[in-house]
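Next come two complexes built around chain A: one with chain B, the other with chain C.
After this line comes the complex of A and B, so read on.
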């Protein structure tokens, strides 16, 4: 009898080891891809040149590098690569949290109106703020505040009916359509150039990253993720239904509100710089759940690694596949992620949600 | 520790569901809550667990349940709801491990794992440990929910119709498990149920609700009479005896006559 018990506990511990292995493998892949992605490009730099440029940037004076290589690496590529990693991570974390807290496999920042609100905000800035007045800052602020507004509106609307998963999903879908319609209306009234700019924004792109933006997004993701992981048991308990969660000591409404707000904040802070990069927040958590199961103590962070890998992979492809033309990364994410997802989906017959 | 409920009332807006309920559950005692559909059994259990907030007083071990913190309450009461829905597809092991949530911070220690294994063993569902909860039968799933509640190491078990969806064998198994846990650990259990014969056989006392009020409480043999069954359920029944327990044979519904 005792042996059986120890065996079962042992099997559980092996499952945990498997989860850590999954994250470790992903980190190695991300690192390799990041290195590769910094090297590839139309300038035709070699590994040695890039390596020297990176070192010269980190230890100024101790290493010397070709000035052109230095400029390309530090001013163009490195922050873009790192931004892809951080943004992919953040979007996936937000998706995992939203799916968990709403117990809904279709929940993501994009199905809940957060992204449509950002698009609307961007459209306002594109159409009403003359580009001469430094359109980009206005665009970022406008996109971010609309997303934040959408998050507050979801909270406000669902408060009316009690903050249940269903009412939040419904409120989110209503907002998605509302902001979608308002964006369409703006596009209808705009000029051809403005319309094009809005559409381009909706594709999502990492074209305009910078070290400052990277720092901002890293700060948000870096503060929010540990908070979400720390509260992971609450997410697990919510998976068993509100009442069981409550009987396990979870403050259900408070938890749901906090998690939704934090996930929305992460999303807003990323997509206000990139435009709508869909799909990652929806699919990364599914891929992760298929691979390592649904315990949010691991799922949240592991999803982040999957998201980082997908976005970085997508951006690397987007930069090279039709080089020197760069395809907006939002178009590529699905092409990269879906084969991965399909493979796991077909292989794993067992229900995973 | 004893549960003492005094003058408990609850209403949804202006619709009164429970009025003036007073009852007690002592440690080591299994108390059945009986009554027809809609009489307030589920509401009563939720009120005690503070999922709903009633008027009146609910004390446990002399302490006011309403004033406890959510984690403190979760260490004392374990709740198994009626619905068999379990949400996301976790493994049986993980679902049961969830019962440790009120006792741990983040990491899972060896004592926690040991407890889960032990309870799975006790309920004879060890072989299901790494199956998904969505892939097992209703009876097995109910045992998983009870296992989760036991791992919570509570001082009071609150169970809402744990046997209603189960076949004959699982009904008896579940009742035997609960009875033996109550006896061995000396904890109290309050259990909403429909089957009068199971209540007569396994409960120390029963509380019968009718239209949100107590229609009678006491030992089953004193309470489960032909008259009470007619008044409360609208059913004529014959009450005999078997093995020293009352045996209820329902005859026909007289409510519609």
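After this line comes the complex of A and C, so read on.
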């Protein structure tokens, strides 16, 4: 008996070490990639120039940098790099939570129609509010409020029939089709240019980031993630089935609603600025689960790190592979994420989900 | 009266134009493919001497025969469209559908009257300032959402579509329309590419027997472009950053705008990019230090000015936004105040020569003595388009004009 206990404790500690190592390695990779992608760019700045510019920005007055390098680093590169990290983190966290809440390996922030709703909101703004100065704000507000509306609609629909995971997925898929149809209808009435803009929005892009947007998204992700981690035990319980969770004292419906709403909020606040960056929310939790197992107390945050790495990697490639041309980042995420996923998937011996 | 018989007759009369349009030449009595003076004369005399009012079909046949005798030397006319397809017309066109606004504009330059046009696409019908005579005209939808029923119900005798832009959509329209009306001539004509514009215009002139006006239009273009070429070669080409109405979306070799920048004597800084319309990294503009920046307005987020003239004050606002972009204060174009906003109406379509003239003046201010884009614009509107030359006010199309 005692041996068994020690063995289990030992296993747990080894698992714990593995988790820590996983997150540590990811952090180092993200840091290296962030540094690299701040240095590399079509303006052809040297490492020294970038380094001086970064220091001059952090310690004003103490270091001096070439003003042009300073502008390029601080006004064009840094917020984009950081935005990729925060947005990738947020999308992956939302994905991990959605998969847990819905007990569905195919769930992602986009399963519940959040993304199609945002696209519809963006299409409304692109087609009906075409003016440059107010246009961007209108687009962000419109995309965000449509996703919020979709989240509320799912809540309402499943509330009506009791919130089972299945009914939530079903409601989400129905909404996805509805918003998809409405977007197509709008596109049908728009001009080629507007059509192109909507399609472009669907690819997702980090071209329009700024420090203000970064601050906003960081605030949402920064507040929401601890909340989700704090309730991660409940997600583990939900994974055993609603009845088990209930007998363990988890308020099933309340938990599911809370997690779903928070994950939707994170997703909406990111994609209203970037367009629909798919795939990260779906694949990051799977990669993480393959590496460190399905305990949501770790899974949620570790997925975030994986997501940050994928999005940052994808955006760095999108900026450099055909430089000075920029490829929409939504196209690159799959190219980066899938080999990573396949590697872990092939190595896995048993069923992991 | 026998009602069914009348109904059958009515249907036959409705079908008549299809049948006749596909037949041999009107008024070609001996069927040798040539309307001779004698044939025309005998037809006219036969009608005059009959003493009764001849049926409409006979009269319109005679009208067509006379027209062909005058304009096409009494024979059928074979015209090759921009896609290289040969089409033979055995009658003058009287009921055409035009789904390409550049072609319609060119038709107007060539004096093709509204009476020959039965329907247009919905964007033409929505431009009352530039196409006042087609405001609220019957519309057959757009190239992306064509209304086939409407198209066929207008009983057209020809359809005009783009040749190289939106090719897949236009191919599909041609395929579907000719499936139900195999004999309907579908002309694929661009009328927007500088290198083929005059050829396209000559094709239309041939179709409508307006060769004289065609020659006048060609002379107008050639003269204006010669002046541009002289200015363009007067000094070394400045490095130019050309931005479309999508921010940081530029153009490269292979695109029409690149050709126009080159024509005006500018060196496009992104000319060697493999994609024709690449979205580029903002910092690469700063790194390439353009001497002149051109921003295109007129669509997307930049709808203002142009023939409607609405919100023309936005030109200045947009220019200020460009000047204030991160890092742009180091660009020579911004330092020297050579940042210009231009409306697509004078650059995208047949009026490109006006936009190119403006650009040549911006690129080569010292060699631009002969260039007067504003009066060129006024002349185009007045002489070729039959519009109020006052519409050509520079405030609506460019900022700053000099």
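Note that in this section the second predicted complex is superposed on the first by the 350 of 353 C-alpha atoms of A that agree within 3 Å, B and C clash if a C-alpha of one lies under 4 Å from a C-alpha of the other, contacts with A are read in each partner's own complex, and residues count from 1 in each chain.
Just so we're on the same page, a residue touches a chain if its C-beta (ideal position, glycine included) is under 8 Å from a C-beta of that chain, and two chains touch if they have at least 3 such contacts.
Keep in mind that this is a model prediction, so the values were computed, not measured.
Asker: Determine, for the superposed arrangement built on chain A, whether chain B and chain C clash or fit.
Answerer: Aligned on chain A, chain C fits beside chain B.
Asker: One more residue to check, A:339. First (chain B), second (chain C), both or neither?
Answerer: neither
Asker: Is A:77 touching the first partner chain B, the second partner chain C, both, or neither of them?
Answerer: Only chain C; A:77 stays clear of chain B.
Asker: In the superposed arrangement, does A:325 touch chain B (first), chain C (second), both or neither?
Answerer: Second partner only, chain C.
Asker: Could you tell me if A:240 is touching chain B, chain C, both of them or neither one (first, second, both, neither)?
Answerer: A:240: touches chain B, not chain C.
Asker: Going by the contact rule set out at the top, does A:197 touch chain B (first), chain C (second), both, or neither?
Answerer: second
Asker: Looking at A:60 after the superposition, I want to know if it touches chain B, chain C, both of them or none. Which is it: first, second, both, neither?
Answerer: Neither partner.
Asker: In the superposed arrangement, does A:249 touch chain B (first), chain C (second), both or neither?
Answerer: first
Asker: Quick one: smallest Cα-Cα gap between chain B and chain C in the superposed arrangement, Å?
Answerer: 44
Asker: Inside the complex, what are the residues of chain A that reach chain C?
Answerer: Touching chain C: residues 41-44, 67-68, 71-72, 75-77, 130-133, 135-136, 188-189, 191-195, 197, 200, 207-208, 319, 322-326, 328 of chain A.
Asker: Quick one: in the complex, what on chain C touches chain A?
Answerer: Residues 123, 144-145, 166, 245-248, 270, 273-275, 278-284, 286-287, 299-304, 314, 317-318, 321, 326-327, 330.
Asker: In their complex, what parts of chain B are in touch with chain A?
Answerer: Answer in residue numbers: 46, 49, 51, 70-75, 77-79, 81, 83, 85-91, 93-95, 97-99, 101-102, 104, 106, 110, 113-114, 116-118, 120-121, 126, 129-130, 132, 134-135, 152, 158.
Asker: Please name which positions on chain A make contact with chain B in the complex.
Answerer: So the residues of chain A touching chain B come out as 1, 4-6, 8-9, 11-13, 15, 100, 103, 230, 232-233, 236-237, 239-241, 243-244, 246-251, 293-295, 297, 350-353.
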